[in-house]
Amino acid sequence: MKAMQTRKLAAEALGTALLLAVVVGSGVMGETLAAGNVAIALLANALATAGGLYVLITLFGPISGAHFNPAVTLAAWLSGEKGAGETAAYVVAQGAGAVAGVWAAHAMFDLPLLQFSQHVRSGGAQWWSEGVATFGLLLTIGLGVRHARERVAALVACYILAAYWFTASTSFANPAVTLARALTDTFAGIRPADVGGFVLAQLAGALAGWAAVRWLLAGGQQEQGLAEVQRP
Amino acid sequence: MKAMQTRKLAAEALGTALLLAVVVGSGVMGETLAAGNVAIALLANALATAGGLYVLITLFGPISGAHFNPAVTLAAWLSGEKGAGETAAYVVAQGAGAVAGVWAAHAMFDLPLLQFSQHVRSGGAQWWSEGVATFGLLLTIGLGVRHARERVAALVACYILAAYWFTASTSFANPAVTLARALTDTFAGIRPADVGGFVLAQLAGALAGWAAVRWLLAGGQQEQGLAEVQRP
Amino acid sequence: MKAMQTRKLAAEALGTALLLAVVVGSGVMGETLAAGNVAIALLANALATAGGLYVLITLFGPISGAHFNPAVTLAAWLSGEKGAGETAAYVVAQGAGAVAGVWAAHAMFDLPLLQFSQHVRSGGAQWWSEGVATFGLLLTIGLGVRHARERVAALVACYILAAYWFTASTSFANPAVTLARALTDTFAGIRPADVGGFVLAQLAGALAGWAAVRWLLAGGQQEQGLAEVQRP
Amino acid sequence: MKAMQTRKLAAEALGTALLLAVVVGSGVMGETLAAGNVAIALLANALATAGGLYVLITLFGPISGAHFNPAVTLAAWLSGEKGAGETAAYVVAQGAGAVAGVWAAHAMFDLPLLQFSQHVRSGGAQWWSEGVATFGLLLTIGLGVRHARERVAALVACYILAAYWFTASTSFANPAVTLARALTDTFAGIRPADVGGFVLAQLAGALAGWAAVRWLLAGGQQEQGLAEVQRP
């Protein structure tokens, strides 16, 4: 029904907004307090993001699936579990929420709301990093939903904690997050000109991860798509 | 019955006392050992607080609901799940416990028991931070109770771990905690003059969070208030 | 039967040995790598200890109850759940295991096996810290067994993670651990002359915690002692 | 059937590759960002590895058992749960995956793919460390499967988090990982000449751990081997 659909989109927007507030806010806090020690800033950033993801996926999963990520929603569409209309609406809600979350973080730290990052993130190693990061994320969600449905929130949180550190790009792994992080000239930022390369790499990695899940789960067990993956 | 009521209030007081001992004690320890590196002090403070919250909510939830927070108790009253009398008694027990916990921490670190903080925490960005922090806390508790009742302790712990970092105020998000932290001139302190602004922002955020939960859960599922939220 | 009893004592000894290897070994590693930053050393020490406790209590709980701590075993005796003979055997196994664990750690770090600590840990604030720490530990175990039996390992781990930071003594909270830590002149050490004060404070705190648990659980629910508390 | 066998080997190879990408990648990131503070680098390395292990064991456990470790596979063969052929195939898949994972990490950080470590790791204390580390790992898996099957992923993750810190060798505890880490001249590396000593110590520790599990579980409960230990 209509009201339910509104709630799903609101959940995607609010959840993505809070996710970005966590990512950007903890980045600012870490950079400020760590006084030049980037490792400690990233440690705080990673722990805060993981904690936030665990909470947000658990809270919003039963409402909207807690995608918060166009790459995940597109995989659901690819699997035929979401129609084109709902897919588009999800992506718009995620993008709008992400931008609002960045601005909420700026307001908390008394920074100008509208900013553009000058942080260069480009080149083959960065793109390969984003591809691997998103491949792993789709694997985590796809196999996690099948093998440990009630732990998907914990799995995604732990995966991102690791991925902040094992990839050279600190694992954006999410087109909506990438776009919104172009709008903050702080720790978590990415130069607007570099968004395109990141998003393409993420989509390629997501597609590979989606295909790997399908192959690994083929036969022996009942087929299941990626959509609604984070529903408990 | 009478004895049961006494135990509930004792649980609220003891739990809030231990929570404050953890918050203030780990702040002192962190500040002392980190020797000027505030990021490491806050990391220790945040991990200790999260660990403590997970334990205390799990232990006392089945006895008193483990509110430890007047903003949560007021939401329960607003939902009609607690009468005015019990609400008032809870808030008094939380406040008294919080102050006792601060003093217990001072005794552990050989500091004067009675102190007043000189730490300025004021201004719009700080209040917005507290509003967002308490909004998120109520969302975590309200949706958590509905969607993952047995994980509320873990959810609140992870939320606060993130909120220590993503808000500019380090997320007090609790009027009793705020009041008691005015009584310590250490890492976790807040100037007594700044308590009022924090508490108002927290109550506004709590109200917004409570309303968001009601709207998100309306229809489709049976209505449920915020009271007793942390009961397993 | 006899063989079962041998296995229980072996489990207590082996578990306590591994616990001490973790506590002392991670202390040496932390102190060595952190190069003077004590906060980072304690952070590593605390995370390693928490991780180790979670594992060891889960593994050995179903065999021996995973006490690893004379204060816990004495509480079980006080509750009438263990006879004097088994209590004594447990305490001896814990003490012997603890010492062996310290020596295993020394061998891993190429240090002289037999050492005596010169680390002064004494005075009222330290004793109050140990009393609070052990009070909280008994509360965690006693209420945890009643309210969340299958999570006691996680509860104890999170409690100790917090207690390393919120007490001025870094929370030994265990007479066997205290004794064994007198035998290492490294990060985790305690001067042999200071062991007595710590142990007395721990026993007083344990007694208070045991009494608090009994009172909080009295009425309404079936009485249950502290013994075997960590059995799943 | 044939296809199932291919999937199991692919799961072992892919899981081990991702594990090595996490271990090596987070080591490079930590070393780069920590700017000489080795403790912070190891903290990041340990948290990333633990997070990664929790995810990978949960995802691949139901497919291949998620050994990712020849010492574990050999214990399964010793228990008669895997034939010589499958054991050999598993070990080859693990080794190949491990090497691929190292190269994937090098590509992410724009480093030459083919490298040899110059990091000396040798001597009795290091070998004793590896023996203890692998003993503990087999204990964790063997007792964990029996006593808390659904938590084996969390147990292994927490064990390795602790073992990175409490052993002097940072706990390789895995012959395939050791071999592959000879191929990276970064934080996680080991000189090729030192691989043999590490592997021998690991196999000795694994054998001792396997025997300890058998003895501790003998009688009272139905015998169960180590193979398939990580299947939920």
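Note that the chains are named A, B, C and D in the order they appear, and that numbering of residues resets to 1 at the start of each chain.
Going forward, a residue touches a chain if its C-beta (ideal position, glycine included) is under 8 Å from a C-beta of that chain, and two chains touch if they have at least 3 such contacts.
Here the structure is a predicted model, which is why all the values come from computation and not from measurement.
Shared contact partners of subunit C and subunit D: not a single chain qualifies. Rounded to whole angstrom units, the spacing between the C-alpha centres of subunit A and subunit C is 40. Chain geometry summary: the mean Cα position of subunit A and that of subunit B are 28 Å apart. For subunit A, the set of residues touching two or more other chains reads 37, 40, 43, 47, 50. Chain contacts in this assembly form a single closed ring in which each chain touches exactly two others.
Inter-chain contacts, as defined above, occur between A-B, A-D, B-C, C-D. For subunit A in complex with subunit B, the residues that touch the partner chain are 3-4, 7, 10-11, 14, 18, 21-26, 29-30, 33-35, 37, 40-41, 43-45, 47-52, 54-55, 58-63, 104-105, 107-110, 157, 232. Contact residues on subunit A toward subunit D in their complex (touch as defined above): 37-40, 42-43, 46-47, 50, 123-125, 128-129, 132, 136, 139-140, 143-144, 147-148, 151, 154-155, 158-159, 161-162, 164-169, 212, 215-216, 219-220.
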